Structures are given as structure tokens and as C-alpha cells.
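Both complexes below contain chain A, partnered by chain B and then by chain C.
And then the complex of A and B:
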């Protein structure tokens, strides 16, 4: 009996924990859920790399130029969501929603976790990773209710 | 050293791995799997050696059965680990947790060599009188602690808290990660 209980709890704990462990690094370790951002700007460059792609966006607000470095999912997840090297390339005007990093010095550039990106044709695509513990803001279509 | 790492990062295979859609996640998963094989089998040897479990089995018998798996696990784990490093050389080289992990692995390696050296000399005596010297029990406990810490610090590499492109960091951190901060950064900081 004790054995059975142990077995079930360990399976339960494994399934429950793997939800967190299998995801990348936890959202709250690096980003601030209380600092949502909504930026519009031109793509400067895209680092199409593992384990996270980075989109550099140049934002001009009141004549002041800021560069945002936005973290996305892996190249693989981006392609699955419909973001390709051709759709997100330098010069394209995009809108990014996400959360700023805990450090807000913005030196030499601001850092953020991207949730979704809106393209010039109005297409809005999830660009983050699922199950990182990011706020449930509805950006992730695979999010559990 | 930094020059060598930069060379490594600019090779076409490194770039291909870094930008790969499938290979990188596959290598990542395989690395974790081989860690499980290596650490799982090591656990048997260390538990036996520390005298906590499997006392019916002699130490040399345990080694004969389990060690080949540990070695296979270790080789594949190291190989996939090297590929993961090779995919993102600069960031890993300057990562504090990566450096801690390498240091701990050297300690664990020395400990393993010491165990096998003693085992070769006195193994038969341990088998015959089923007595394990205290120093060997310590070595087994140390092995478990060190490899656990290696796995934990390996997991921590993913976190960017002490990364070179995330400044300001304390001077000790920048020293430990051989991070040279561009002067423009401090000039910009003065302006605030």
C-alpha cells in the first residue's frame, strides 16, 4: 500500500514538476511581470539563435531613439508559429508586446521578453515560449486555462 | 583564450548548430538523457561504496556490472556537452556557472581517479572482509555531492544574472567571468 502511494505521488510530482523543469528558464528570474511593454519600431537585426532568438527593435519616441532587445522562443518554435527569417527582417515595422527585464537601466539597450508580435499586415503571432511562468495574458494560444 | 573562443564561434559548424531548428534541441535532450545514465549508474556504485545499500553485492562485482554503463554515459554526456558549448562558445565561456561547473568537474575527476587507484590496489581486500575504509566512504559521499552540484550548476548556465552583456556587475563577477566592460557603458552611466 505504502509502495503504491509512493509510486503515485512520484508520478504525480514528476508530471507536475516537469511542466516547469522542461520549460526554459523561469520567466520571473529575469523579467518583471509588472512591467508590460508595448513598443512599435523598425527591426534592426534578428539573432536567429538557440536557445532563444533575439529581435532588436529601434523605437523612436518623442524624437528619442531607444533600442530594445526582445527575447523570443527558439528558432524552431518561431517557425512553427509562423515567424520566418523572411517575415521578420531588418526594416520591417512591428509592434511587440512583452515584459521588460528586471534591470531597467537600458544600457546599452533595453531588454524584454517578447509575448506577441504584430506585422505590418496585421497578423499577430505569439513569439515567446510556453510554460515559462510568464503572466497569462492570452498571448500564448497553447496556454492552459 | 578569448581569441580562440571567438575563432570557435565563427566556424560554420558552430553557426549551423546555433541556428539549427532541430539539432540543438535534440543535442540538449540527449545531453540530459546521458547525464541520467551516467549519474544513475554512478549512484549505484557510490551507494554501495558508502555502505548504505546493496550490501549483498561485492564492490568489485558492482563495478563490473555498472561501470561500463557509467563510462558509456560519461563519454556521450561529454560529447553532447561539448557540442552544446561549441554551439554558443562565447556566452558559455564567459558564464559564471559554466566555470563553476568545470571547476567542480575537475574536483570530481580527481576524486574518481583516487577511488579507482585505491580500488585497484585494495579492492580484493574490501571484497574478502566486506569492510570499506572510512576514506573510501567519504570519497563516495563526496562523489555524489560533487556530481549533484555539477548538474545544478549546469542547469544554472541558462540564467543570465551574471552575463557579460548584462551590466553593471561587481568587479569580482567581471573578473571571474573574464568580462571586459566597454568604456562607453560607464560613460553612459555617468550621464544619468
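And then the complex of A and C:
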């Protein structure tokens, strides 16, 4: 019985925790699940930095300009995949769907998780090279020296 | 008699031919100072997880099983990549998620060693599972819970979020594969081997033919000393930093308590591969020693500077979010 309780406790801990370890940091600690967003705007700049890249987007709604910082993942993976900050030029229009940060002061900019980022025609802005999202891992002998 | 001798000669010839035909000994290259050369950029990206999933029954798995598992992996990434229907706005109360598959690089194949695919990194215990001492794991629950829920100040958050070391046991030891940035650069100099871990840009410096530092010194990634056993680098690490006692990624969650010792073996088996083996001895968190192995494959990729602190806007956002919730 004790063993069952312990097993349940440890499984509970890890089920709880698995929400937090998908990435470098806990998205659930940063973003508000009750604040979904669906915004369209023009790219101002891309910060191609670790641990996470940020895309700055200017959104105009009812004549009011708002700038959003949209969080992505580590740029290392995309760079290996041939995608650089120059692949997403300033001025390009994109649609961001995701969730706003828990802090909503929007100072200096509003913050969102770019759960889904597309061009208006539906193409993904950031594309993985294969179904597993694995560009080059050395498993393919052709990649080796 | 003549026939008997002839048969013997034929048998011996056959044995020698067979031995020569199947021997695949890699001629180990040496550094300028005579140590076996392990230098280069290597990756352990792999779809194989530390522990064996329940749907696999053995360490070695068939090509068909691997194909099925790879298809399942691809499907899960497609779901991750397409969270919403066309034109759909995310639902309130939904999963804020992380990021989509484009940002990940978990590898595109399972570990393959000795010609067979592997279902787990763990080779011992034979069931491929960590021999967890459940009482210890349950006792660590509050520590783990606090690490992921409290945000009064940065030091309460996990080491990965704080840009101290990579999440999971990417830097090791043992060095385990995570969802991305699974690259390592090995550089050698007389008396030292350095392993640069891409995830968080951690450098583990292994002192050769040296004693451990005093036990009160507990550096990040532990205190590693090593020696050469033929062409195999043997590394012993103890005095792991107490804040690194819990290491979690999607593919593994391990405890490394005070007093734990990790023994690693690095043997170059070909120009393009190092066989990486390890065993963990930690009788506080585990009922038994556990062992594992995986290939480190050479890659032409560069290691990019991670520079985590400089761009870690997320920490400020997490703390701001916690203050917002306190209102």
C-alpha cells in the first residue's frame, strides 16, 4: 500500500512537472491561459537571441498602434535549418495566435507566446525541415565529415 | 592423415579469414601530445529516451517497431505544429503550450548500436527503468514543486530558467539528450579534456590523472577527474552541485543526491562515432546502480554561443506574471 502511495505521489509530481519542462522555461508561468490573442501585424524586427528568439510586430487596430513582442524558441535550431533573421524581413505581415503574458502593462511592449505564427496565406513562418523537426543530427551519414 | 592435416589447415584458414573479415577495429588517431583523439563536435540527438517506454518489451527493437515509433513521433509534432483550425482564435483556458516543432531538434532516429536499434538509453537494470527509491523521490516532491511554482525572486526558479545550466541532464554527467541543442564540443590539451555543452554553453573541464577536489567544493556539472584505459577515457564525477540534484527534461527526470558518483567511458569506435557509456551510483535516490549507453555522432554543425543571460527576457516576464497574480 505504501509503495502504491509513493508511486502515485512521484507520478503526480512528474505529471505536474511535465508542463514545465518542455522548454528552457515554464511558459505556463509566463503566459495567461485566459488571455488568448489573434493578431495581425507587420514585423518590425527579429531579435535572434538565446535562450529564445523574439519577433516584434506592429499591430494597428481601430487606428491605434500596439507593438507586440512574440516569443519563439532557441534560434540555433532554425539557423541550422537555414532560417535566419533575414528570412523574416521587417515589413512582412504575419498572423500570431497564442496567449498574452500574465503581466499586461504592455510597457514598453505587449508580450505574447507565438504558439502559431503564419503568413496571411497560411504558410508557417517558422518551418521544421522534417516531420520530427530534426534538421541535421548526424544520423544521416551524408551529413558527416 | 594427409586429409586430417588438410582439414585442420582449411579450418584454421577459415577461422583467420572470418576473424579478419569481421574485425572492424578503428585505428585510434592521437593528439600531438599522444592522447587518443576525441576532439570534434558531437551530437547525441536521438528519439530514444532514457527509460524504456512501456510499449517496448526489450532493449533491442526491430526496424518495424522503429518505423511505427517514428511515425508516432512525426504525428505528435504535426499536432504541436498545428494547434488551431484555420482562422480559429485560441480558446480561453487553453494550453499556452511552448513552441512548435520548428524550434526543436530532438533527432530523427533511434539509437543504433551494434547494428540494433535501442528502446532506451538505460541498459541496466534490464527492464530499462530507473530503479527509483520511491521514498526519496516522494520526499523531494516539495522541493520540485517549489522550483516550478514559486517566483518571489529569480533564485527560486529552476537552474535552466536562470541560465545557470541547461535543463534536464544535457550537461550531465551523465550527458543525456534533450529536445534541442544536443551538441557537444570536445577539446583536449595535455592533462585536460574539456566538454563544451551547447545547451547553456557549459564547459566541463576534466582533469586527467588527478585527485578529486575537497568534498566541500561542489561545482556546476560536478567535479570530474579522468584517466585513459587504453583508448577509452574513463571519467569519474562526484560532488555534484546540490541545486542540480533534480534534473528534468521531457525525455528524462533524474535525481542526483549528495554522495552520488557517475562513471563515464568515452571510446571512439570510428571516425564518426564515440561510444558513450555511463553508470550512476547513488544509493540515496536509487535501489541499484543504473547504466546506459549511446553513440555520440560527429557532425559538421557549429556550436553557437548560447549567451542565455543576455536575452533572458522570460525571467522578468515570469516574475512580473507572479506579481500580477498576487493582486
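Points worth noting:
What we mean here is this: the second predicted complex is superposed on the first by the 90 of 145 C-alpha atoms of A that agree within 3 Å, B and C clash if a C-alpha of one lies under 4 Å from a C-alpha of the other, contacts with A are read in each partner's own complex, and residues count from 1 in each chain.
By definition in this document, a contact is a pair of C-beta atoms (placed from the backbone, for glycine too) under 8 Å apart; a residue touches a chain by one contact, two chains touch by 3 or more.
All figures in this text were calculated on a predicted structure; none of them were measured in a lab.
Looking at the shared chain after the overlay, A:108 reaches chain B, while chain C stays out of its contact range.
Of the two partners chain B and chain C, more chain A residues are in touch with C. Contact with both chain B and chain C is seen for A:49 once the two complexes are overlaid on the shared chain. Look at A:119: by the touch rule set out above, it reaches neither chain B nor chain C. In the superposition on chain A, A:28 contacts chain C only, with no contact to chain B.
In the superposed pair of complexes, A:76 makes contact with chain B and with chain C alike. Within chain A, the residues touched by chain B in the first complex and by chain C in the second are 24-25, 29-30, 49-51, 74-76, 79, 103, 105, 111. Chain B makes touch with chain A in their complex at residues 17-22, 24-25, 28, 87-88, 158-161, 166-168, 184-185, 188-189. Note for the complex: chain A touches chain B at residues 24-25, 29-30, 48-51, 74-76, 79, 103, 105, 107-108, 111. Residues of chain C touching chain A in their complex: 42-43, 45-47, 70, 73-75, 77-78, 81-84, 86, 88-109, 132, 134-135, 137-138, 140-141, 144-145, 148-149, 151, 157-158, 160-161, 163, 167-168, 179-182, 198, 248-250, 253, 271-272, 297-301, 304-308, 310-315, 317-318, 320-325. Chain A contributes residues 3, 6-7, 9-10, 12-14, 16-18, 20-38, 47, 49-52, 54, 69, 71-81, 97-99, 101-105, 111, 113-116, 122, 124, 126-128, 130-139, 141, 143-145 to its touches with chain C in the complex.
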